[in-house]
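All chains are identified by letter, namely A, B, C, D and E, in their written order; residue positions are counted from 1 within each chain.
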Amino acid sequence: QDRTSVKIGYAISKTGPNSGGAGITTLPNYVLWAKEVNDAGGLEMPDGKKLPIEVVEYDDRSSAEEVVRAIERLATQDKVDFILPPWGTGFNLAVAPLFDRFGYPQLAVSAVTDKAPEFVKRWKKSYWLLGGGHDYTSALAGLLTKAAGEGTINKKIAMISVADGFGIDLVTAARPSFKDAGFEVVYDVTYPAGTTDFTPMINEAAGSGADTFVAFSYPPETFAITQQAQVAKFNPKILYLGVGTGFPVYGEKNGANAEGIMSLGGIDPKNEANAAYRKRHQEVTGQAPDLWGSVITYNSLQMLQEAIKRRGLDRDAVADELSNGTFQTVLGEVKLEDNQLRKLWFGGQWQSGQFVAVAPVDREGAAPAILPKPAWK
Amino acid sequence: MRTALGFAAAAIVFAVLAFAPFYLDAYGIGLMIGMTGYVTLASAWGLFSGRTGYVSLATVAFFGMGAYTVAVLNETLPYPVILLVAGAIGLLVAVVVGFSTLRLAGVYFVIFTFGLAELIRQLVTWFETTVTGTLGRYIFLPVGPEHIYWQLLVLCAATLFITWWVGRSRLGLALRVIADDEVVASHIGIDIARTKLALFSVSAVIITLVGAIQAPRWTYVEPAIVFNPTVSFLTLIMALLGGASRLWGPALGAIPLFLLFEWLSANFPDHYSILLGLLFIVIVFVLPRGVAGFAKDLTRRRPGGTPAAPKLDAAPLGTESREARS
Amino acid sequence: MLTTTLIAGLVLGGTYALVAMGLTIQYGIARTMNLAYGETIIAAAFAAYLVHNSLGISPILGLVLIAPAGFAFGWLVYRLLLRPLVRRSKGGAALEIDSILATFGLLFVIQGVMQVGFGGNYISYSYMNFGVDVLGASVAANRLLALVLALAIGGGLYLLLTHTRWGTALRAVAVAPASAPLVGIDADRAARFGFALGGALAACGGVVISMYQTFTASSGVIFTMKALIVVIMGGVGNLAGALSAGLILGLVETFVATYVSPGLTLAAVYLIFLAILLWRPSGLFGKARR
Amino acid sequence: MTALLSLSGLTRRFGGLTAVNALGFDIGEGEVVGLLGPNGSGKTTALNMISGALKPSGGEIRLRGEPIGGLSAHRIARKGVARTFQLVRILPSLTVAENVLAGLAFRGEPLWGEAARDEADLLLRKVGLEGRAGEAAEQLTYIDQKRVELARALAARPSLLLLDEWLAGLNPAELRTGIDLVSHLRDTGITILLVEHVMEAVRALCGRCIVMNAGTKIADGETPAVLRDAEVVRAYLGTAHA
Amino acid sequence: MLEVRTLAVDYGKHVALHGVSLDVKEGETVVILGANGAGKSTLLKAVAGLVRPRAGTSIRFAGAEVTRLPAHEVLERGIALVPEGRGVFPDLTVAENLMLGAYARRARKDEAANLAMVLDLFPRLAERRRQTVSTMSGGEQQMVAIGRALMSAPRILMLDEPSLGLAPVLVGELFQSLAKVGRAGVSLLIVEQNVRISLSIADRGYLLEAGRMVGEGQAAKLADDPSVQHAFLGTAAEA
């Protein structure tokens, strides 16, 4: 048939509590990718023809009911060719049955879950690209084991986590990871999302005698903990914080004080493709990408683009290609294992103004971690 | 005669609506689910709050409990039983809450109910994280969207019927008296506590059921998703906008507002908020007595339909003070 | 340990109290439940952020600019949005519904404007983020400032409202606007002033909070709700009430986090709030009905 | 023969103020008794305790020998005690007829439906509001609102009617109709406790008077005698009335 | 001093006053008599600026037009009203209510003297300065309302049924005090159902019936005029 464009649709939290996360990791990459593809003449088809992308965008207003309906709308009203996933673990799960029912591949990025293998079984066309909690915590445990072996830190950990899906997933993975690595978790509490004052927890952690402080936190809390730790002169040898640490603004804001702080994600600064991507991102969207999920999101779009190029607009074929093909993306060479991305950076650290990948320690390109974390300036 | 005609018309409308899944696509059904859900929520809200003037923000507490009950029990009990359990839990909580709020009036009641919803959310979260160690729960129930829709439609019809029945019963008059002046109400023999409690419970059970019925649509449920306070606010706004104390008022507020939200977020994803806000303000200025009031003005005026205004500043109970008459 | 917790709690409570003061004034005097209150706070926070990051002016100096702007904004909102509704309702209860709906609309408008202007991202900068030693506890200077401001504004305005004719007149408008003209009070002006004053206080709160709290264009609602809790717990329109309620909530949160479990802090906050209302249905300092 | 209403040692304190202090009296079936006293002497407070609007701090209230002190207002109302309020309390958003229907619908033996509507019409005629049934109660004049309130109280078919300054604010002509209305009620056998400052009404209606001052009973007896009592004159009537 | 000309007021469709005229001279005490619903309260409220009269109305006070002034400015000119239903501030204390009575600039100068006068007139208020007005008895609240109006140092004091709910002994005292206030040069415009006592302190009276002035005359004459009887029997007869 004579098509003149490819319709790509997505529903994203532009407003409401999720908009902060979606606005940094997901939406800018969708915008960037669509612009780049269209500037280059459009999506390339197997026959070499290029078709521009026509974007259909909805705001899910951070509501589960809205995101479900928006996907239904994209599939049955707008009849888009592909649907990009929403932001957040819960929302990706909420829409997974719909992607499945309507036959759309779902390249879920901003969803950290250990249940990915089960989900892949249930929804054959779902892809999980950000790993599971266990990946991150065992990478961290590996790093800690190394440090303890070198005598840098003791074997005690103080740990706090936010009481929502993300925090729980990570903390439940962390407990066995740390235990297996021979660490003792001496302080282990959960706080409600929206907590602004961490003084009591910091005081307890400081008094616990642990050299390592881990917080599976969200951005506002990550920022708050960093500030309040400085005020309280709480300077653990290892400071590992959650989402938000990998935001460029975190580095800018904390300057020299960011040095040595660790978190999920990270990038290999020597990866040129990534560096070029970061530059384009800054230019087009006016903001720098975060240093964890952003590049993976962009990578997922490149995979989709490439799969379309190879197999056309047939969604089943594209799904098959995504499952089995090998792709060259900003991450380098990517091949999914059981619909999951396994080659990821699970731990990063701020080192002289850059959030570099430090874990898994044995992966090529990993920078050596700076331990212990330097004292607050 | 009028009543019979009204019933016939309503029956026809609901019959037509029941066939909707056969000629609508998935999105259409989704839309109908959302709309029916909010019509039911707003009507159930109006049943208590619209009639007594006690503005409740606890809607999402019951809605969320309904959804959570399904999430917790979906692998252990048959679906109809889960709904019963959800209803029972809603009733139980409603009675406890109803009892504790009897002394509160006006804005104190409003914020109390808001605090209550948040408390329940926090407790559920805490329980799940520290006691069961799981926060998110999965719902893999073989309940399709059209089944959800039909269930909601039945619930909606039931809610409207109850509202109609209450409106013409002694209970309805009692509520209007309470809304006007509780001191007088008690002095003419109305048991305020029982009346309020009864209505609050009915309304809460309906709301709980809406949450329970809708839950299978989300697959994954966590407190942040099902206890989203927006639900309370939207319900309240829809009911107030339509005219909370009238039979069709909440529906007349919910349907256009729901469609408006949908249309705005689809066509103006970037300026959704601004346009929505401006529209709200315009509506307040143009339709001072709600959509239902406006509709009534268009047709005819009949005494006795004046809406009970929320008692945010209820006259002090038991004191003899009243402001200048007129 | 105990004093540290106590001080941490008070300082946290200072933030809560500061945020709630403007709202209690607005609700107490102008009798409108301003659902867009939190948006005013966030707007001021954005302003402080801009002033700090683009112009390099310290937020404290920025206060001199932003607080009057908040006042002017409140004045305009009352004048353009609320006064027509007040007039229309002629003292009837319709005003309550109308003002909820109208300010709900305003909430979306302000939020949308900020969304378009600043995007949905987290905004964060820090100012005065150094420790100050208070009785052996290290307290962030910016948070301490919030407490001090809350105490000064709260205490000062409380004295003004209860001990001057002008303040009594404002309270009179609050309790019986229809009777105010009988003694020569311009009820409309008083209400407008009260609303504007609330706007100025919200702006102060926003500026101070922006120094240590991360925010986004959509965080306003959280502040509105927190403020409402504090206002209601203290008793509507009562500054001393807002101040004590804020401090109590801060203490509860800190003590529960320290001695019980951080996971229960918010639950405890709401529990205390509900318990206090059950004990005193009109808030801590509210006029006892009955 | 037990009294219809009997109070003994009835006391109510507000903080440090004892508004009603060990008040005691009996009212027999069919009596019309005036309760008089200077402003703030505790009359309304006493009425409030009898009707259940306030809980007594001490003492007893018996209706036909059965203790009712401290019961909630709706219970007492259902036992046949109806009242009007010093400042009228109509139900402003209801129509005149609905105001009266409300009185019928929740009494001990409730009346509802067609019969209630007829009864409401009858009551409205009785208080001089025929043909006004459909009007919004809020828009009536003060006096007419008082009539609505009385009709509502009568709807309860009370055995004891408490009138709190129901005749205040009437001009002489209206006062005469008002007095006729109440005396008609008296003739139908309703027991009435009447708080009133209008002496003309008290003289015309009450066989017996109780006078309070500062919360305590200072006089109780046949009206003419009580109104001549020196202490009553000094505390309440003033020399002009003596 | 107060000249009301063709004052007309309607409440929606219902016309409450059909163009009434009335004068109150400096230091004069005038009563308005009329049946229930005649429009007496409406008249006072219109003068006080609390209800908007229709076009064609003229209300002049001390030579200046006050017809469309907002109520708080009317008070500032020296026109005070004690409305029926009292209009006190229920949640404030007695002292605060009285203090606000002197809110008008013109009243500040003599505040202390006026307060002493009010407390002298109503000793109960002196005893209960700290009591919240909403908890007071009906009559006590009436005292607050009158006292508060006196605090505004009015040049003309309008009272709508001031004796309502007051014990007989107080009614007597109140009217004696009002007479005293009148002798001190304050004009009084009184609506009162207690015809005998109000006429006893009045110079002149008006008869209002169904929104129209139907008579006017010296108080003493009115007291035994049959038309006075008529005015009262007028609309109320059927009730």
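Here are a few things to note about the model shown:
Here is the rule we use: a contact is a pair of C-beta atoms (placed from the backbone, for glycine too) under 8 Å apart; a residue touches a chain by one contact, two chains touch by 3 or more.
Since the structure is predicted, the reported quantities are computational estimates derived from the model, not experimental observations.
Between chain A and chain D, the least number of touch steps comes to 2.
Touching chain A and chain B together: C. Top-ranked chain pair, ordered by C-beta pairs in contact, is B-C.
Relative to chain B, the most remote chain by averaged C-alpha coordinates is E.
Each chain gets one centre point, the mean of its Cα atoms, and the points for chain A and chain E are 75 Å apart. Separating the centre of chain B from that of chain C, both taken as means of CA atoms, is a distance of 29 Å. Mean C-alpha positions place chain C and chain E at a centre distance of 42 Å.
The set of chain A residues that touch two or more partner chains comprises 14-17, 163, 190, 192. In chain C, the residues that reach two or more other chains under the touch definition are 111, 115, 176, 178-179, 261, 263, 266-267. Of all residues in chain D, those that touch two or more other chains are 44, 86-87, 142.
Residues of chain C that touch chain E in their complex: 165, 168-169, 171-172, 175-176, 178-187, 287.
On the side of chain D, the complex with chain B involves touching residues 44, 48, 51-54, 72-74, 77-78, 82-83, 85-89, 91-95, 98, 101-103, 105-108, 110, 112, 134-136, 142, 145, 152, 155-156.
Note for the complex: chain C touches chain A at residues 1, 4-5, 8, 12, 15, 111, 115, 119-122, 124-126, 129-131, 138-140, 212-218, 222, 250, 253-254, 257-258, 261-263, 265-267.
Residues of chain C touching chain B in their complex: 27, 31, 33, 81, 84-85, 88, 92-94, 96-98, 100-102, 104-113, 115-116, 176, 178-179, 221, 225, 228-229, 231-232, 236, 261, 263-264, 266-267, 270-271, 273-274, 277-278, 281-283, 286, 289-290. Of all residues in chain E, only 11, 33-37, 84-85, 124, 135-140, 142-143, 161, 164-173, 193, 195, 232-233, 236-239 touch chain D in the complex they form.
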